[in-house]
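A short worksheet on the structure shown next.
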Amino acid sequence: MVAAIKEFCLGLHSLATGLAVTLEQFFRRPVTVHYPWEVLELPARYRGHIVLVRDEQTGRLRCIACKMCERICPSDCIVVEGAKLPGESRKSVTEFKLDFTKCSLCGLCVEVCPVDALAFSKRYNLASTRKADYESMDLCELAKAGDAK
Amino acid sequence: MSPGHPTDSSVSAAAPRETFVLNVGPQHPATHGVLRLKLTMDGEYVLHAEPVIGYAHRMHEKMGENRTYVQFLPNPSRIDYLSAMHYMHAYVCVVERALGIEVPPRAEYIRVITSELNRIASHLVWFGAFLLDLGAFTPLLYAFDDREKILDLLEAVTGSRLTYCYYRFGGLCNDVDEQFIEGTRAFVKHMRGRLGMYHKLVTENLILRKRLEGIGVISAELCRKYGATGPVLRGSGVPCDVRKLEPYSVYPEFEFDVPHFAEGDCMARYKVRMEEIAQSLRIIEQAIAKLPPGPVMAEKVPRVIKPPPGDYYFAVEAARGRFAIRLVSDGTEVPYRLKLRTPSFSNLALFGEAARGLLMQDALALLGSLDLVIPDVDR
Amino acid sequence: MNELIEQLKSAYAVLVVPARADTQAAAVPAVVQPTDPERRGCHLEVTVTPAVVVDAAQVANRFGFAIDTITGIDWPEAGQMEVVYDFFHPQHRLHLVVRTRVPRDAPALPTIQDVFPGANWHERETHDFFGIKFIGHPDLTPLLLPEDADYHPLRKDFTNVSRSSN
Amino acid sequence: MAEQQAKWLSCAEGGAGSEPGSLVRFARLEQLLDWGRANSLWPLTLGLACCAIEMMAAGAARFDLARFGAEVFRPSPRQADVMIVAGTVNWKMAGPIKTLYDQMLEPKWVIAFGNCAISGGPFVFPGQYAVVEGVDKLFPVDVHVPGCPPRPEALIEGILELEQKITGTRRWPRVKTA
């Protein structure tokens, strides 16, 4: 009998402490980020899908189509084509296809690039009703549309 | 065993026994992912439990034989996504061991800091999910709130929230900045206070204690026979921790205890993990204080990774226990065989034996206390 | 700890497959080799014939080892499959590896699940991936692969299974 | 308005993710129901792999799916409106997951969350034997959320995209990203 009363008191006490802890939260700042109106600031190193980088001086894409990224990619999701423009010694990129649906965002392509022609975007909230939007992303086209660094 | 259990001779002699098979999963809120349990029940008691696995088999071992050493780098963090850092650690270390690469001390210190942060994050997910199994929803919200703070720190350094591809053969892909150090210091302080709050809110709660104390006892001998490791083994009173027993990285330079409780019940495993969070905080604090300057990448890392032919083995203490990689190299760019020894696999293997004779809800408490990650079981 | 290794060595040294009168096969002793843990990650490597794996596991059991893992390695050129048993010690810094090789065309060896019940799943998994039969194992149905799987994906000659995407 | 009509037409033909067609229709009521459905999407608890943790994070306090009426994770497919496939589906799981889809009541929707659900993700390579290369091989998918794993915001965005698909309008502002 004594044990039962003791246990009852103990249970009541633990319930009260638990409620007190919860009550404390009422007086704290809410942690919720109200997403579409309020956004988190992403860190500089955030890895979104890759984009091509423009040269600051010439304004052209830096990529020389050496295909290093294509070779190192673990998921085979990059296809690069390049051609030599007349009167130039180095190759320029003509086509850069990314299958983002196979990408694991490991960053090996960005690391291996010898001319720093790739960078991560900060597109963290992609969603679409069409699979094709991400299946064959043409980074050259995206760059033309202003989506490059 | 609880009184009135059907295997008591007094009961079994009476009414005719009828058993039935209860199928739990592969989609079931209590199984944490796609685990399936075939439970042979006698009323509310489990007579026989058989886990059916393979619903998240992702052929990591086959991929190891298909990709170069560098290309396998994204994989380890996806085997057990909750302790991604530890798995990366084991993988880069086994290749470093094969190649004989010395890693600069700063890189090893940062590896330890990030690993321990990851361990806390993993235990917090377990804390939330385990209590959710037991019927308490609120702790999950607190735990995820604290976990977000860790993720923010790690994301600033690695660029992703969950599947960090941060370690490289010979070091790290980039250095940490002052902001991370400050943030981690602040987090350690914050987390200490929160741990006290968790104990007040949860550990001292009578309902929780009634649900966990004396339930699902696993003996040290059973752990040995099944190869169970991590908090499961330590909850059975064996202070076995790879960080202490087979020290790797710079762990010998830190002071920390290996929490272990002899009871072997769910409460012991709960206490081990809560205590481990405190110990991880201790390690992080020391590592930050001692963090040496210098490079984070070894100088002599070959461009093409081709380990000499042979058989190499490396074990680390992941959040769920001993994770080991056996690498068989034939001297080419591609591993010949990559065996992944995952802790959840062995920990789940003993469930069948440990759950025998438990009440249904106690069996689920036991399952939760094993802290399983199903892709880690299935690989 | 060195003492323990010495004891282990002598325990394994006596592990010999007895000569059989009917086939005139000679007695095969177990080969015990200490290895550098810093380089290889294990302390002792024991190579035995498939017939004595159960005895080898019993020695490990006697010394208080816990089962770490069991795995296979396919060596098509040698026409063999290797089965590797890993044991770790919960109290000491000691890692033991037991290796054995079985012919590739009829891979079979006794199960050790009576010594270590935990071996049950590891052996089932090895059977899944390599098709190695463990004689005396109660249930060799696929563990990680689908229930109806009849392929062994980690064999080196494995080619893709055809899937209809229905 | 043309968009709305096209949507109704596809409804009448029994298009993916909408009710099977019926002869008699009540346009206003339909719209009202759509509005209700879009703002109380109850997801099925279906955590498969890594992405499931981000799904849990989206349901927790910081991102709080409850603001969109989508926090009521139902363990039973009979009570769920939307199946968030969060993680890798392999051929052993393909059967159960198809059964779950079939058990859900119309109208039902599917969000393929993460690269594995969209196309098998990083686990696809020639000669692979285990992974289903995209859940759209098993049942129609309404919204694709790429990433490995995607951030919780991306899941919210996926829910909003689905809302837009159901009602034809977007109630929430769009977030511009760099």
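A, B, C and D label the chains in the order they appear, each numbered from 1.
Note that a contact is a pair of C-beta atoms (placed from the backbone, for glycine too) under 8 Å apart; a residue touches a chain by one contact, two chains touch by 3 or more.
Note that the structure is a prediction, hence the values are computed from the model and not measured.
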- Message: For the interfaces B-D and C-D, which has the higher count of C-beta pairs in contact?
- Response: B-D
- Note on the structure: dist(centroid_CA(chain B), centroid_CA(chain D)) in Å evaluates to 30
- Centroid distance [mean C-alpha coordinates] between chain C and chain A, Å: 43
- With chain centres taken as the means of their Cα atoms, state the distance from chain B to chain C in Å. 26
- Multi-partner residues of chain D (each touching 2 or more other chains): 61-62, 92, 122, 125, 127-130, 148, 151
- Task: Please set out, as single numbers or ranges, the residues of chain C touching at least two other chains.
- Result: 145-146, 153
- Message: Please output the residue numbers of chain A that touch at least 2 other chains, ranges allowed.
- Response: 31, 74, 104-105
- Give the pairs of chains that touch; include all such pairs. A-B, A-D, B-C, B-D, C-D
- Note on the structure: Listed in rising order, the residues of chain B that touch chain C in the complex are 53-54, 57, 59, 61-62, 65, 94, 97, 100, 220, 223-229, 233, 238, 240, 245-246, 310-315, 322, 324, 326, 328, 336-337, 339, 341, 345-346, 349-350, 353, 378-379
- The answer for chain B against chain A in the complex is residues 67, 70-75, 78, 138, 145, 148, 152, 155-160, 163, 165, 173-174, 197, 200-202, 204-207
- Quick one: which bits of chain A touch chain D in the complex? Just the residue numbers, please. 31-37, 39-40, 48-49, 74-76, 99-105, 121-131, 133-135
- Note on the structure: Touching chain B in the complex, chain C uses residues 37-42, 64-69, 71, 73-74, 84, 86, 88, 90-93, 95, 97, 116-118, 120-121, 129, 142-146, 153-154
- What part of chain D is in contact with chain B in the complex they form? 44-50, 52-54, 56-57, 60-62, 75, 87-88, 90, 92-93, 96-97, 100, 122-123, 125, 127-131, 148-149, 151
